[in-house]
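Order of writing sets the labels: A, B, C and D. Residues in every chain begin at 1.
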Amino acid sequence: MSTPSTHSQPGHENEHAAVTVHVRAYMLVFGALLVLTGVTVALSYFDFGSMQANIVIAMIVATVKAGLVALIFMHLNHERRQIYVLLAFTVFFACGLFFLTWLHYWDPIRLPH
Amino acid sequence: MEIPYTVTPRPDTQLWNAKIGIWLFLASEVMLFGGLFSGYVFLRLGAEPGFWPHGLLNVPVGTMNTAILILSSVTVVMAWASLKMRRYTHYLVYLGATIVCGLIFLVVKLAYEYPQKFDHFGIYLKEEARLKYEPYLGNEHLAKKGLAPRTEITGHLHAVDISRDGREEEVEIHSPSEVSHLAQEKGVQILGYHINLDTENADPTNPANDRPHFWHKPPSEKQAHVEAKDVLWATAFLPKHSNYFATYFTITGLHGLHVFGGIVVFTYFFFRSRKMYDAEPEHLANRLEVAGLFWHFVDLVWIFVFPIFYLL
Amino acid sequence: MLNRLLGLIPNASQHGIHIDQMLEFVHWKVLILLMGWSIFLVYVLFRFHKSRHPRANYYGAKTKITTHLEVSVVIVEAVLLIGFAFPLWAKRVNEFPVEQAERVRVIAQQFNFIFHYPGADKKFGPRKIELVDASNAIGLDRSTPEGADDLVVTNDLHTPLNKPVILEIMAKDVIHNVSIQAMRVGQDAIPGQMIPVWFTPTKAGEYEIICGQLCGLGHYAMRGLLTVDTAEDYGKWQTDMAALIPKPAPQGQTAPSPGEPQDVGQPAAQGGTTFEPSEQPAAAQVKEPLPPANEDAAATSARQPGAGAESAGEPAPAREE
Amino acid sequence: MDSASAHHHEEHHDHHELGWWQKYVFSTDHKVIGIQYGITGLSFLLFGFGLMMLMRWQLAYPGDPLPIIGKIVENVLGEEAFKDGVMASDFYNELGAMHGTIMVFLGIVPVAFAAFGNYVVPLQIGAPDMAFPKINMASFWSFAVGGVIMLVSFFVPGGAAKSGWTSYSPLAAVNGLHENMWMTGQTFWLLGMVMLITSSLLGSVNFITTIIQLRAPGMSWMRMPYFVWAQMVTAYLLLLAFPPLEAASFMQLMDRVAGTSFFMPSGLVVNGQPWAVAGGGSPLLWQHLFWFLAHPEVYVLILPGLGIVGDVIANGTRKPLWSYKGLVYSTMGIGFLSFVVWAHHMYLTGMGSKVSTFFQTTTVLISVPSVVIVTVLLMSLWGGSIKFTVPMLFATGFLPMFGLGGLTGIPLAFNSIGLYLHDTYYVIGHFHYIVAPGTIFAIFAGVYYWYPKAVGRNMNQFWGRVHFFGSFACMNGIFFPMFLQGMAGMHRRWYDGGAGWDLTQNVLHWNPFMFWSAFILGLFQIPFILNFFLSIKFGRLVSDNPWDATTLEWAAPSPPPHGNFATQPSAYTGPYEYSHPEVAADFSPQWLPLPEKTETLRGDGVTEKARPNLVDQAMVDSPETQPRA
């Protein structure tokens, strides 16, 4: 990343403007999160046919919400490379933890009947 | 020599130290909660039908707490923006609001939600005894609809039958913990439970009760008597009630600890940041950004906790 | 040959030969690499000692041999994996000879193995947690026709020669492991799970069964004995054992009787050179257990851990609620 | 200089008024913390060894009273531990579990990772301190509290944890029951682990930040000493692998004190009594979460050791490491792969052929980078001018020992061989060859190597040699027979050492031999311990760079003052410019430029023209020279 961080040089004119832009984004995200919370709750009283479908849909909404928090509030939409690399590994290993734990559960030794 | 890059970013990485530090720490937190959630998945996948409770938590309160945490995320990021714009009073207001939100969240959790659970009682029935309690379970009705069977009777316990040194008597109960104390007395054996049923058990064949409700319903007046010999496992809604509550209390407990930690840090900032603001406002903004990142992460965890435990 | 040198105990099962071959092969690889590099190391330490080589060569070795070596290590490992390891394991877990095999359930507990034979009808009787007591450690329900003729023996496993055996392995309390070194099998006994394992004995004789997973203070002496019998001996043993089955008590429930085959098995730590029999740990000698700390009203009234407990003995491969 | 540095000056001022407590006990100086970690960790190592000597006696002479010590322990811990001088089997299990735990979490990790990392890494990258000195101090004290909890656990009712260092549930949950489950050994173990995990997490955050942020000007990634690389990969392993065990520890804690059943299935019957819990848990969940940590953990035990050995070998051979880049990339490869092999410890837990194929493949794959690392280190010797200093002796001793340990890991990698070898002494032999004559030797190498930097005096070289040769012989005397015993079928965690079993009768005679080897190994540590402490006062005074080494730590005075360097050093060359053809001396330190236009060796063995001013422009721009708004 070659562009210098906008908010590392304090007190600048454009810095000030940048922060104001940020603030507007924060408010929008706040609204979106509240709406999505409502959506999650509402969806949970609607049956999508199977438990799996219900879970998947609820998780999608939750992931969107989490994504908004991470991208906007935590500024992950413009972070430095080092941090993306770190998070990519973390997410990979975390997925591995979920996936492989489940894998073992899914492939036991069975006696044919 | 002094430690460089505490405030200004290092030219080649464009990061200051604490920024990397907090992200590393959050990475480890991802793995911590990842471990807990993978435990949840593992246990839930393996749960027998009817043994993963639904709708036992207070959804409106949970929704409110979710909104409060989201709000606190906004206030903390606004506090940071205020510092960036060098508006100290605004910063204090937003920071104060964050602390208040955090406190409300914790108080609601610890003083209202948890005790409400501890007060509730659940009785799992043995398989062979379930038919006997069909009027409270409505399993025939559920089977027709293709829903998982009910295996548990829940509600407020108001009395137990015991035999004390061979003599039988009925003892009134005000809090489920009394049952445990009774059971630990010498020569006491529990023979049965008198329980004020929750709506699901009071009116099990009503289609309106097939799925949980948004508004919490108070237990009905209807009572049931369950004999101890039919009982598989009976306890208040404590962690030991089931793996559902075990994961719920473990994860929300740990999450609560994180909230508490955040509050402590913010409170420290609230009272001790003036000096640093005057000397090095940018350093203070960085510190707040770091604390804020932690706070957002705590919020983010809750965003998953909420649907997983309250809604699904 | 290397196996002999390393003191591998003789194999007595059909598939064991392949495992021994693999052991031999992989140890050759270990040995060659180890010797090769050790000789290299000693040579280099001597050759390039300061006294013989006062000024180091900045550029060091210029060679591709190491790359070749690394590649050949990879190739050998790939051969081991694809040629031996995958097919061997696949045969272990995917090709149970259900039709031909003799089936025995193994229920491990602190600190014995209990072997449960289906008896003449080839059907295992149901097991109930309520029936568990001192004389009926596995809670076998003898009031059912399937259960009436089942054999239950402690620490004493008999199998016929040259016939595949499937052991269905489970545990009552903590994790154990059923390891029969001579048969080249081993399998954890995990509470809440049933995991099968199979082998075909090819040599008659007596072999030790080891508990290969720490299970408490008597772990070191948790010992069973496998006797591989000829077909006749095996039949005779089965009849002898069947004669010891307790007659059902008039009121239905299994009555403890001195003749219960429980007592037939080997004592836990037999053959020990240093330990008096009185020091042998047995379940009864374990320190008096305190009531679980989480003792609860319900617990005492029901004494029933968990749902589905009526089938304590029949854990599904996954787990049960 | 603006307010920022004004603030710093203030702080600096404080330092001169530090009291004794803040200087030596609650210090934030990375060097003091490093030494604190080192001494505590070495003491734990010795303590863990002590536990093992008791066990080896019992294995060698099962049922014989242990002279003197047996009586002492009996008086301290009561008859539950020793009765008439004879060890109880429950106590044997306590010793085994605590030996494993202490060695791994309180011995090797604190010494190899935390102590050397703290002391050496900032110096090697030319930094004044760790990035977060206060967190560093918190890390040490969290470790100390964890250690105390572990030690105290021997004295609680029922004794210390006794379910193996793996603490498999349900055994760990049903062991050591007591009315107050908080006051039991296993609960203490869990609490201690939580503290130790916290300590490691704080430490690794600090290490990684320090290495990324505080490298001196010119210290680009490929100019870092290999030791720094090893520490960085190790820190990542700790950072990402430990939290799942922390999660699992919380769950087991709940199982013990709150009556939950995360790891307990339905239908348990313990001691003939149905076990009163809700059930529905899974013992395998614990194993997955445990090994998800514990496999990366074993590389945590070896990588710092490899790092030390790499530095020492370059110095002892007086030439650059052969294929430095290969070394670095293999280390990263190990780090990555180590997260996806954990289930090779669970081969016998009922694994179908698909999962087994996956884990066998990854396990075999991970041996490839290890082979590369050993090859690089061995080939680095070729063409050197080898000087057998004591650190170099330990480093060269390390190589074949790690080789044997690693190579015997390969048979274990195959599921079907695991049918025979799982849980036997073969496994014990496998990993002890790596951690004992492996990592412990690397630690010794590191102690002898960096001692002059920390103290300003050198340790006695003669006694160092005695220490090396004695330890080398005895270590092999203890651990080689384990392979033979394992092949004969002897299982681990056997209180009677196999005396009660027919199939091990042929290998029983090794047990006394192994005990006496361990005993003599203990005797050979005495010169080391004396040497270590006496040299502080009586060691030979040496210069700042007694080994004629190239890396930056030798640019600082010995011992380095607070803040380490008088002026910020820069890295002008790669880490190991020994015996450069155009330099008369046999080393050219990293902090001095090479003569212009000479050829230097790049990490991957290719040569390039040296650029004496090869200092990343960006990094010369220190904050002070940057325009600030």
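The rule is short, and it goes like this: a contact is a pair of C-beta atoms (placed from the backbone, for glycine too) under 8 Å apart; a residue touches a chain by one contact, two chains touch by 3 or more.
Worth saying up front: this structure is predicted, and the values here are computed from it rather than measured.
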{"item": "Other chains in touch with both subunit A and subunit D", "value": "B, C"}
{"item": "Pair of chains ranked first by number of touching C-beta pairs", "value": "C-D"}
{"item": "Subunit A and subunit C, separation of their C-alpha mean positions in angstrom", "value": "46"}
{"item": "Distance between the centres, which are taken as Cα means, of subunit D and subunit B, whole angstrom", "value": "38"}
{"item": "Distance between chain centroids, defined by C-alpha means - subunit C, subunit D (Å)", "value": "33"}
{"item": "Multi-chain contact sites of subunit A, meaning residues that touch two or more partners", "value": "10-11, 82, 89-90, 93, 97, 101, 105, 108-110"}
{"item": "Sites on subunit B at which at least two other chains make contact", "value": "8, 13, 15-16, 20, 24, 27, 30-31, 34-35, 38, 42, 46-48, 51, 124, 233, 235, 240"}
{"item": "Residue numbers of subunit C (touch at least two other chains)", "value": "93, 193, 195, 294-296, 299-300, 304-309, 317-321"}
{"item": "Subunit A partner contacts - residues on subunit C that touch it in the complex", "value": "93, 96, 98, 166, 168, 193, 195-197, 317-318"}
{"item": "Contact set on subunit B toward subunit D in their complex", "value": "1-8, 10-13, 15-18, 20-21, 24-25, 27-36, 38-39, 42-43, 46-48, 51, 124, 233, 235, 238-243, 246-247, 249-250, 254, 279-280, 283"}
{"item": "Of subunit A, residues touching subunit D in the complex", "value": "9-12, 82, 89-90, 93, 96-97, 100-101, 103-105, 107-110"}
{"item": "Residue ranges of subunit C touching subunit D (in the complex, touch as defined)", "value": "3, 6-9, 18-19, 22-23, 26-27, 29-30, 33-34, 37-38, 40-41, 44-45, 48-50, 53-61, 63, 66, 69-70, 73-74, 77-78, 80-81, 84-86, 88-90, 92-94, 109-110, 129, 132-134, 137, 139, 172-175, 177, 179, 181-182, 184-188, 190-193, 195, 208, 210, 212-221, 223, 269-275, 279, 281, 283, 286-287, 289-290, 292-296, 299-300, 303-309, 311-313, 315, 317, 319-321"}
{"item": "Footprint of subunit B on subunit D - complex, ascending", "value": "3-8, 11-12, 127-129, 131-133, 135, 201, 204-206, 208-209, 212-214, 239-248, 250-251, 254, 258-262, 277-282, 285, 288-289, 292, 563-568, 616, 618-619, 621-623, 626, 628"}
